[in-house]
Amino acid sequence: MIIAERKPMEEIKRLIAPYKKILVAGCGTCVTVCWAGGEKEVGLLASQLKLARSAEGKDVSIVEATVERQCENEMVAEIKDKVASVDAVISLACGAGVQTMAEMFEDKPILPGVNTTFIGRPQKEGVWVEMCGACGDCFLDRTGGVCPIVRCAKGLLNGPCGGTRRGGKCEIDPDKDCAWVLVYRRLEKQGRLDIMRQYYAPKNYRAVKRPGKVQAAKA
Amino acid sequence: MKAMDKQIIAFCCEHSAYAAADLAGKLRLHYPENVLVIRVPCAGRIDVIHILKALEKGAAAVLVMGCEDGACHHITGNTRAKERVKYCNMLLKEIDLDGRRVEMFNLSPNAPHKFVKAVNEVVNTIRQLGR
Amino acid sequence: MSLENKNVLVVGSGVSGLSAALELANAGTDVYLVEKGAVVGGVAASFCCKATDICSRCSVCVVPDKIKQALSHPQIRLFTRSTIKEVSGEVGSFRVKVLRQPQYVDEERCIACGLCAQVCPTEPKAIYPPLAGATPFSYVLDKGGCLRFKGEKCSLCKDSCPTQAIEFDIKPKEQELKVGAIIVATGFDVFDARLKGSLGYGRYPNVLTGLDLERVFSREGYLRLPPSGREPGRIAFIQCVGSRDEGHGYCSQVCCKYAMKLAGLIKYQNPDSQITIFYIDLQSAGKGFAQFYQEYKKMIRFIRGVPVEVSQVVPGELEVKFEDISQGKVCREVFDLVVLSVGISPGKDSWDLARILGINLADDGFFGTKDSLASNETNVDGIFVAGTCQGPKDIPDSVAHGMAAAAKAIQVLAGVASHKTR
Amino acid sequence: MEPRIGVFLCNCGGALNNIDFEAAAKEVSKLPGVARVEFSSSLCFEEGKQRMVSCIRGDNLDRVVVAACSPNFQEPGFQEVIERAGLNRYLLSMANIREQCSWAHTGDVTAKAVKLVKMAVNKVRLLQPLQTKEVPVSREVLVVGGGFSGVSVAVQLARVGFSVTLLEEGKVLGAGMSELESFYGFDAGQVINGAEMDERIEILTSCPVLEVTGRVGNFTIRISKDGQEIVRKYGAVVVASGYQTKLTSGSEAKSGRGIVSQEEFCRMLGDSGLARQPKTVGFLFDFSDESSRFSTLATLNNALTAKTKWGSEVYVFYRSVKVDSQGTERLYREARDCGVVFVKCEAPPSITAENGRVKVKARDVFAGEDVVLACDVLVGEELYLPAEGTETLSSLLNIRRDSRGFFQDENVHIYPVASERRGIFFVGECRGDLGRPRVLADISSVVAEVHALLSSGKMRVETEKVKADPQKCVACLTCIRVCPHGAIQLVRADGGKEVAGISDAACFACGVCAGICPAKAIAFQGYRDEEILAQIEAI
């Protein structure tokens, strides 16, 4: 799941400053799940903007809309009338959604309302943690299903840094588990500790093709 | 006390604050009449958007009133309401509005005085804030 | 097993009576709830909420909840100002004569508008609103003060009543109820602190009982001293007044906790106040109380030793003479307010009721039970006891005991039913 | 279709004299959708109610606003009235112009009353009818734990006609009912026998619970039995997992060197072949754990028996006796009268070993001097703890525990024997050290509660009062995580997609889920966002 966070209000205010009629556009998929840009958050931001503008005595017109997936042209097309009626759109979708809208409505400023941060999963209610760095060269088979690239604060490939605290906690963030301790324990459980002896050459970041594109073989 | 033109919305849990407000009426404990109570089954029903919309509609303040901490009929309803009010204060602060316009109170159904006190407190705060 | 057409009589509408009635009604029986007084909820309905920033788990808020549920339950019929006169029959088919006392103000019609009190010419008014939180919230006509009952022709209140709820000329009504089981939940009497003359209750206005304090808080919401309206700074609580002594061979179970909780509330409202609790043994057991006790220990001074004498130095100041056992010496100290933590005594009417119902009283004056493992069953089949009429209990325990009595009644009714079908 | 709203104003027999009802009625009649405004002075009396019914029928009203007293008391009554008139009972909204308007303020409050009515009108316009239905419930009950509480509750449940499965993880029933508990006055053998003889009770020993799914009336429970798995359906679950005691750690608790637990001491008392009866016995309690009634009770009973049976010298070191349970004060006096010496101390005594005996040194607060005693046996202080496995059980059942690990978190007073999940109950010491009288009351209370819930074999529930719209739900699991009553789980919607499914039977209708849903997918009838916002609209 893609995780995002709403941008600071200061920034949003600055982004929308030149415009009078604004559409707050949400996305009903990843950003809804991570409480950043679903229907609820769209409502809150819209309400906040209305309050802010009326406090400043400014003219204001805020429209709300949420589509199921903002990264799909067909789904975004459903709100084209609303987009047409405004001066600018503030999108609460991830970067893919913002760009989809920008491409579909080339004459409208499509402003990002959230910062897309990482691929992650919920740790508990309301907390998400990074799980995948989308490096394009997955080696989770060799690390017992724990990705040290994102879960180790230093992104180390060949075992812990040496600063691991008591109880297997990270040197940098004592609330976090040391990823390499997790790797060790998992492999130990599976009787595959020998894998730990293998040395990994510096990671081939060339595998990360920018801009990335994945084509399903069957399509 | 003469009515101010601005209204104050009080979301009241039917188990506690709503009953306390009723009792305040029965005992003729008077409070400013610009307080309008909206009855909810639990303070935990309140969504941040309800509070913001009330302010948008021109309410001078919003009170969320639930059971005492540890006495919620739905275990965590009142603590969640408190968190939501806190979040709401933060949202207001972001747009340079005074967070004190939104407040959470905990009270029991047999605390009419506490209800009146809370209401008066907020009315005074609003007076100070002006507008 | 169906409990339709089964009736149960619950005597007393305090928190355990209400709990029993509700449990029975939810199980499908029809319940007659007979209450001696004018309002339901018992003593606990007049207690105050003792929450500070957090709930102190005093359970008082359970009472209005129970009242609301019971009064709106279609299967519960309430008889206020009613007493039991006679009981005959046996389990499954008791016949009970109930006497309803005259009600000058019909609680089903009174809407508590207050017009009657406005026009009442006497001072103080002879018709007035009930205690805070009373249910039904119907006005009370005080025969003693009313001109009408002094032979005058006044009928101002009656004439002003918009719902014709007031009637002067009414006679007690007798009614016979047929019930399968009886639950006795007549509650307790608060110990009369006047009986401990040396502690000054009734002589000095600033000696109050725990119950008085509860009522001050529920009426006013804060604490002020009776005559002067001053906020007391130095406060003493004296424990075990009417518990664990010559006449009371038991612990009242509630006083240590209510004293600490009230002290906590006072301290919360007035952080400058200095509170001392005089005690023998501190009853700090009970679910969820441990963490509060740790907090109370920080803000309340506990002195082991129960004072024997309270006297007035100058009006408004009380000298308490006590033996501080830990120090091994007799001390005197001055307080602005002394609160007597009065205990739970058996109800005065228990003896009469025991005679009418044919059930036993225990040595301590509470209703007796069959044996220590059957805390609801009496010596008469089909008659159960619930709540503080069986022995001291706090609110949650009274609720549980009431529910337990209901379960026992359901069990005998079920037994009677299966017996008959066989 | 435009709704036809009827507004019924009541002046409560003239008690609301600071509202100008004529003016109010005029204002209210202008509101959109209001088809009729009716004034009464006694709406809650039978004559008023009948008038309401005929108005609703005569004017074809389809929803109703009652502006009168507090809905907290009168709402059910007026719901019945409109039901009598043929309307769905949920199409009613009340404006509290009595307690929260007329009586709460001085001076003319007509404007506020009108505002309150307007809010109610705005709300009633959006209300949707709600049906109730009966859902079948299983009349089988699972009791987890075969100690005194568990066995007793099973016997009483069977007596009122339920089929009961009594589950015990250990090998035998009543393992917890040791000699120690005999002082409560019951015969363990008799209690167990009662359960064993009852054909409505199935006893499964050495059988732990593996998994609990489903909801009230219909729990599915996987149980391990003889290495195999059995799956059963139950209408309710009663948890009676009990407690354990442990000697306090630290210097004074060197068990085996003359320091024993209450239970060990109890066994010594019952042992007729004891080599040497202790001449001096000491007891210790209320120093580490000041909230234990158990310690007092165990001490008093054991001290008395030691005194009467062995004639030992018995000394009790303690801070406060916990006499706040029925009969304990009497026992305390009896012990004192028998010559048990009570040494009240403020500070914990120091304990040392000396020549095979245990030396206790403590400061007696009454005497004001140190007491030194060499005991043959010292019964140490014990902590009262939840039984082993309590944590596992709580996660299987998805119910909370308090800070000491016992079942039932806060809100004890609101749900005396019920957990936060409907259909799961607690009984006995798994909730903490309650004292025996309370445990006895709880056993019967649970029976009453289970009876009310399941006896008819069906449960009446409001259909989809709170519902997640499968179209809007993104299955983020937020509601499942926040529901305080464990009433939500993932279900397959018609299209095969997984969505939040709210169980009508398990839902308490608090709205905590609706207040947090990031997709705004949850509709709580009567308190939907639209309905709340419509009220705000009227200010």
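Labels for the chains are A, B, C and D, by order of writing; each one numbers its residues from 1.
Everything that follows uses one rule, which is that a contact is a pair of C-beta atoms (placed from the backbone, for glycine too) under 8 Å apart; a residue touches a chain by one contact, two chains touch by 3 or more.
All values derive from a computational prediction rather than experimental measurement.
When chain pairs are compared by their number of contacting C-beta pairs, C-D comes first. Averaging C-alpha coordinates per chain and comparing to subunit A, the farthest chain turns out to be C. One finds 23 Å separating the Cα centroids of subunit C and subunit D.
Subunit B and subunit C have CA centres that are 32 Å apart. Here the CA centre of subunit A is 42 Å from the CA centre of subunit D. Subunit B and subunit D have CA centres that are 28 Å apart. In subunit D, the positions touching at least two other chains are 72, 410, 413-414, 482. Among the residues of subunit C, those touching two or more other chains are numbered 55, 57, 61, 65, 68, 112. Residue numbers of subunit A whose C-beta contacts span two or more other chains: 40, 43. Pairwise chain contacts in this structure: A-B, A-D, B-C, B-D, C-D.
Residue ranges of subunit D in contact with subunit A, taken from their complex: 472, 474, 476-478, 481-482, 517-520.
For subunit B in complex with subunit A, the touching residues are 47-49, 52-53, 55-56, 91-92, 94-97.
Only residues 8-10, 13, 40, 43-44, 47-52, 54-55 of subunit A touch subunit B when the two sit together in their complex.
Residues 1-3, 23, 26-28, 55, 57, 59, 61-62, 65, 68, 71-72, 109, 111-115, 161-163, 244, 249-251, 253, 256, 281-291, 293, 304, 325-326, 328, 371-376, 391-392, 395-397, 399-401, 403-408, 410-411, 414-415 of subunit C are the ones that touch subunit D when the two sit in their complex. Put simply, subunit C touches subunit B in their complex at residues 47-49, 51, 53-55, 57, 60-61, 63-65, 68, 112, 129, 132-133, 137, 218, 220-222.
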